[in-house]
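Residue numbering begins at 1 within each chain, and the chains themselves are lettered A, B, C and D in the order written.
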Amino acid sequence: MIDMSTTLGTAWFAHPIFTASGCASSGKELAQFINLEDIGAVVTKSVMNKARHGRPTPRMAETASGMVNSIGLQGPGIDSFLANDLPWLVENRARVIVSIAGETVEEYAVLARKLRSAPGISAVEVNISCPNVENRGLVFACDPDASRNVIDGVRRALGGELPIIAKLSPDVTDLVSIARGVIDSGADGLALINTVLAMVINIDSMRPHLAGKTGGLSGPAIKPIAVRAIYQVHSAMPKVPILGMGGVSSGRDALELILAGASGVSVGTASFGNPSAVTQIQNELQFLLEARGFTSLTQAVGYAHRIEEASTS
Amino acid sequence: MIDMSTTLGTAWFAHPIFTASGCASSGKELAQFINLEDIGAVVTKSVMNKARHGRPTPRMAETASGMVNSIGLQGPGIDSFLANDLPWLVENRARVIVSIAGETVEEYAVLARKLRSAPGISAVEVNISCPNVENRGLVFACDPDASRNVIDGVRRALGGELPIIAKLSPDVTDLVSIARGVIDSGADGLALINTVLAMVINIDSMRPHLAGKTGGLSGPAIKPIAVRAIYQVHSAMPKVPILGMGGVSSGRDALELILAGASGVSVGTASFGNPSAVTQIQNELQFLLEARGFTSLTQAVGYAHRIEEASTS
Amino acid sequence: MSAINKFAEQIRPIVVSNKRVGQYHQIILNVGDVVTNCRPGNFIAINVGGESTRMILRRAFAISRVSTSGVLGGTMELIVAPHGQGSRWLCSLQEGAEIDAITPLGSAFGIPTSPVNALLVGGGYGSAPLFGLAEVLKSRGCRVDMYLGASTGSKIYAPMEGKRAVNTLRIYTEDGSMGEIGRVTAPIAQLIAEGAVDVIYSCGPMGMLSAISSIVKGSDVVHQCAVEESMACGVGICMTCVIPVADEFGVTTMKRSCIDGPVMDGSLVQWNLVGKIPEVTP
Amino acid sequence: MSAINKFAEQIRPIVVSNKRVGQYHQIILNVGDVVTNCRPGNFIAINVGGESTRMILRRAFAISRVSTSGVLGGTMELIVAPHGQGSRWLCSLQEGAEIDAITPLGSAFGIPTSPVNALLVGGGYGSAPLFGLAEVLKSRGCRVDMYLGASTGSKIYAPMEGKRAVNTLRIYTEDGSMGEIGRVTAPIAQLIAEGAVDVIYSCGPMGMLSAISSIVKGSDVVHQCAVEESMACGVGICMTCVIPVADEFGVTTMKRSCIDGPVMDGSLVQWNLVGKIPEVTP
């Protein structure tokens, strides 16, 4: 039997496929379709300090092999999350990665402090890259200094206990330098990639279709961008664990991200079309790895980077 | 009859749909499928100073609603282009936008100087954003200073005769500032967007599928990114003409880019699946514009930006 | 375990029949035992476009009626308007085609425990779930009146068998091509004033549901409406389908119409805020 | 006008029949008058996946044979291996299905003006265009020998009717499950040494074509081979399908296999550079 376990920093997971933040709500909703115990972990919808209504509707538009969303981080806020959602997940024996999002460096630190003492959390994903906030200038992940400051604050607030996974946006000129910055500031791993900034215009109303005008593109359309981002960052920092995501909807897709350098893979948009996607992908991946002679998942991580064998000619 | 004509800087075109650079070779190949006289213009494959072999194969991989290519600017060089390809286009009464690409600021200037005296050119598209060059650090369009220098050099070399259209890459943190830079340096318009940097890993060989490893993602998958880029730039600089492109394969798609702010639309990858795409899209677009009561194409340019009408409630 | 999506099953039903009816298609699916958990108001989410499609999201359709009696076992009827690419694909399926579906999803119409006077109001294909509902209400001894409206006659869906389950059926079209001319909402105020109705069940365009809510306001008529917001997942995980709804304390939050709906209490939906968000944070 | 793609037409043929033959599908298309311009070696580029597909590129298939005689007018036969998603879609089409295709594309096998001894070598589905070619060569008075090879018997495509057009047919499989055991290239050297062959026509995997080119080298046997590079457009506009080919002065450039091929002069293809690029710029 192949060893499918993986690690992200100090966190160990028996299985390599995770939900993607914002694509499994708080986990409960999927329990009818997948066994939450049997997947890597539930990555929660990004939690903010206070409750938020999010954006007006329409919040989504389907595009060719993708969708654009602008949810605007609707959620109940951290206190309600810790009081209700987290205990439910722990009770139901799900591993949990809590995703946090803030509007200021301070808000991230406050969130991290609240998580520090909460039981049952395997890691913290820091969403510094949500493209849905009103002012694009405020996207932390597009600014090397701001992203370092966020991670720095979270690191201090959390202490050394929980691994920090910094989630980055692909909408930058130099992804590797942003990645280096957050790792230097104390992140243990990276989540790649968040959605790509995009827009759909409704040709009947002849205006942007989403109430939030721009939104984030996800789904199979962006998989080649995700593979490139993971490959680039793994090339530059082969020891930094990467939680890969972006358009994965089959075991073949997951394998592609793992070969590029991902130690684990989150499945987002695919769950919308198929709520049992996470489990199905995990099973398909295991089969593909076995068929290629791997005896553990970790052998395949970054395998596409191996040095060319001596030519036989 | 609706007036479908458009302008890009001082260049006037009877029709609004163009081929995209690198997706119509030198024009000849499409003549069996579309009447070159009946489209906006042929935008040529980017020409360099010397002849080039381009990249080894495999040069492309199909992806979900898209493809990734790494051609590496194969071509005969500017002298052969001016001696053979351009005269053929002029003879066959095609309007021509020549796309140029260089490896140094100087190479662009040399190319521009050679075009200055060539007859039959409507505009010059300056491809400063090809993601296929070996060293990502060398992509001009990702560096505000380098892109300004290129345009500045081309402007000087060309004199005031031909409109310059600077073609930008979406792979940047701040597209608007790059756009402002090249306009300040003398570009008359912008071409948005070039392909998005991407990668496909072959899960059989377990290596990057393309010989060039990374390549450019094009096709319907990237349309929402193109719409966003055009909308953003048109918002910031409403008077600057934009030649829009990225995933257009129907009149509806073309209309979306025009509503976002494009004055003309180039069709690239769609021609691979359907060599008469340019003409078909042009006809569909005309029908859609008429159905919406426009009497000229220019009325629709940027129409999605109009101020909200006073609410009737 | 979670109670959300409790009865939902991922199934592969076969298209038993597909008939054009006016501007709609009546599609019957062989869904098996899952019908026993389907209630009027629930919906089904269907994958469209086939194996290599670029359409990645499911499409939601109200369950029009279910039957357990036939030789085929459990069947489910849908009324589908060929609208965009996905619904057109569904309407083009041949008998025998296999699809991928999840059902039953969402909330159901509440059924009164004692006999009441019920008015069922449907707009366009919104009448689909009302005939199944009418049968249930009838079996509970309710009086069932039905008003159906549409812009034109071919958009009225009112099958023969369905008519048997209602006491009266009135049809309104805006162009007068079928039934009476005008909007389905027009006569409701009078009915309420006459005290002739206890519960209104509605399904149709948001504008119609909102108009009924205004008319009902101030009366003690209960209004249960099935809302329709664009859905990406249908199972509560994406947060795209939200509607502003007040709770018992008057605090409005954005509720998911796929799991907290589609059937909602019309008096709690904040119609003026649909497509907006509440000013104050919850 | 341009001479490139001169006879190509964008057509919507109907699938007349689709039969499984070993590991392949023999698909016959009703293509109409365009057959009069189709020559052995030409190919057809077909849109796959249907209306809402995420597959955006055409797939190329060699024209196996054409016929103008039937009651249906011009028909064209293809031999398709169900390989990936696109070819599997094509192989799943029912009789009567309409497809979108462009044909004839690419170069054709050169036909000698006087009778010669021709050897036709096919690998896998590469035999498809050779039977049509054999008929033409026969009608010009040539002697036609054919060698077909594959890894296993079910991958040999050699229809009954086709066999009539050749003087001899020898089959080689690597597992010995059909014909002789071994590779199709093995006996060629001896044939050449014996002076028994003037022209070799080949179609199959690049490795086979390359091996034949090496064997032919130094002799005065002409080698025309149909290459197969991954194609995005099939009409010469994308530059993805290039192969390094030398010109008469020995200068190698990257030639498009869709318009300068698929049939090329095997002695000019720079087999050692396939998947690489020439060192010096042209």
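In this section, a residue touches a chain if its C-beta (ideal position, glycine included) is under 8 Å from a C-beta of that chain, and two chains touch if they have at least 3 such contacts.
Keep in mind it's a predicted model, so treat the numbers as computed, not measured.
Common neighbours of chain A and chain C (chains touching each): B, D. Separation of chain C from chain D in touch steps, taking the shortest path, is 1. Among the remaining chains, D is positioned farthest from chain A, on the basis of C-alpha centroids.
C-beta contact counts were set side by side for B-D and B-C; B-D has more. We define each chain's centre as the mean of its Cα atoms; on that basis chain A and chain B are separated by 33 Å.
Mean C-alpha position of chain B lies 35 Å from that of chain D.
Chain A and chain D have CA centres that are 47 Å apart.
Touching two or more other chains at once are residues 54-55 of chain C.
Residue positions of chain A touching 2 or more other chains: 64-66, 219-220. Taken as a graph of touching chains, this assembly is fully connected, with contact between every pair of chains.
Considering their complex, residues 48-55, 85, 89 of chain C touch chain D. Across the complex, chain C meets chain B through its residues 54.
On chain A, the positions that touch chain C within their shared complex are 22-25, 28-33, 45, 50-60, 62, 64-67, 69, 71, 74, 76, 88, 92, 211, 219-220, 249, 269-276. If you check the complex, the residues on chain A that touch chain B are 63-66, 68, 142, 171-174, 196-201, 203, 206-208, 213-214, 217, 219-225, 227-228, 231, 247, 252, 255-256, 259-260, 288, 292, 303-304. Contacts from chain C toward chain A in the complex involve residues 1-2, 4-6, 8, 10, 47, 54-58, 100, 102, 229-230, 232-233, 235-243, 253-254, 259, 274-278, 281-282.
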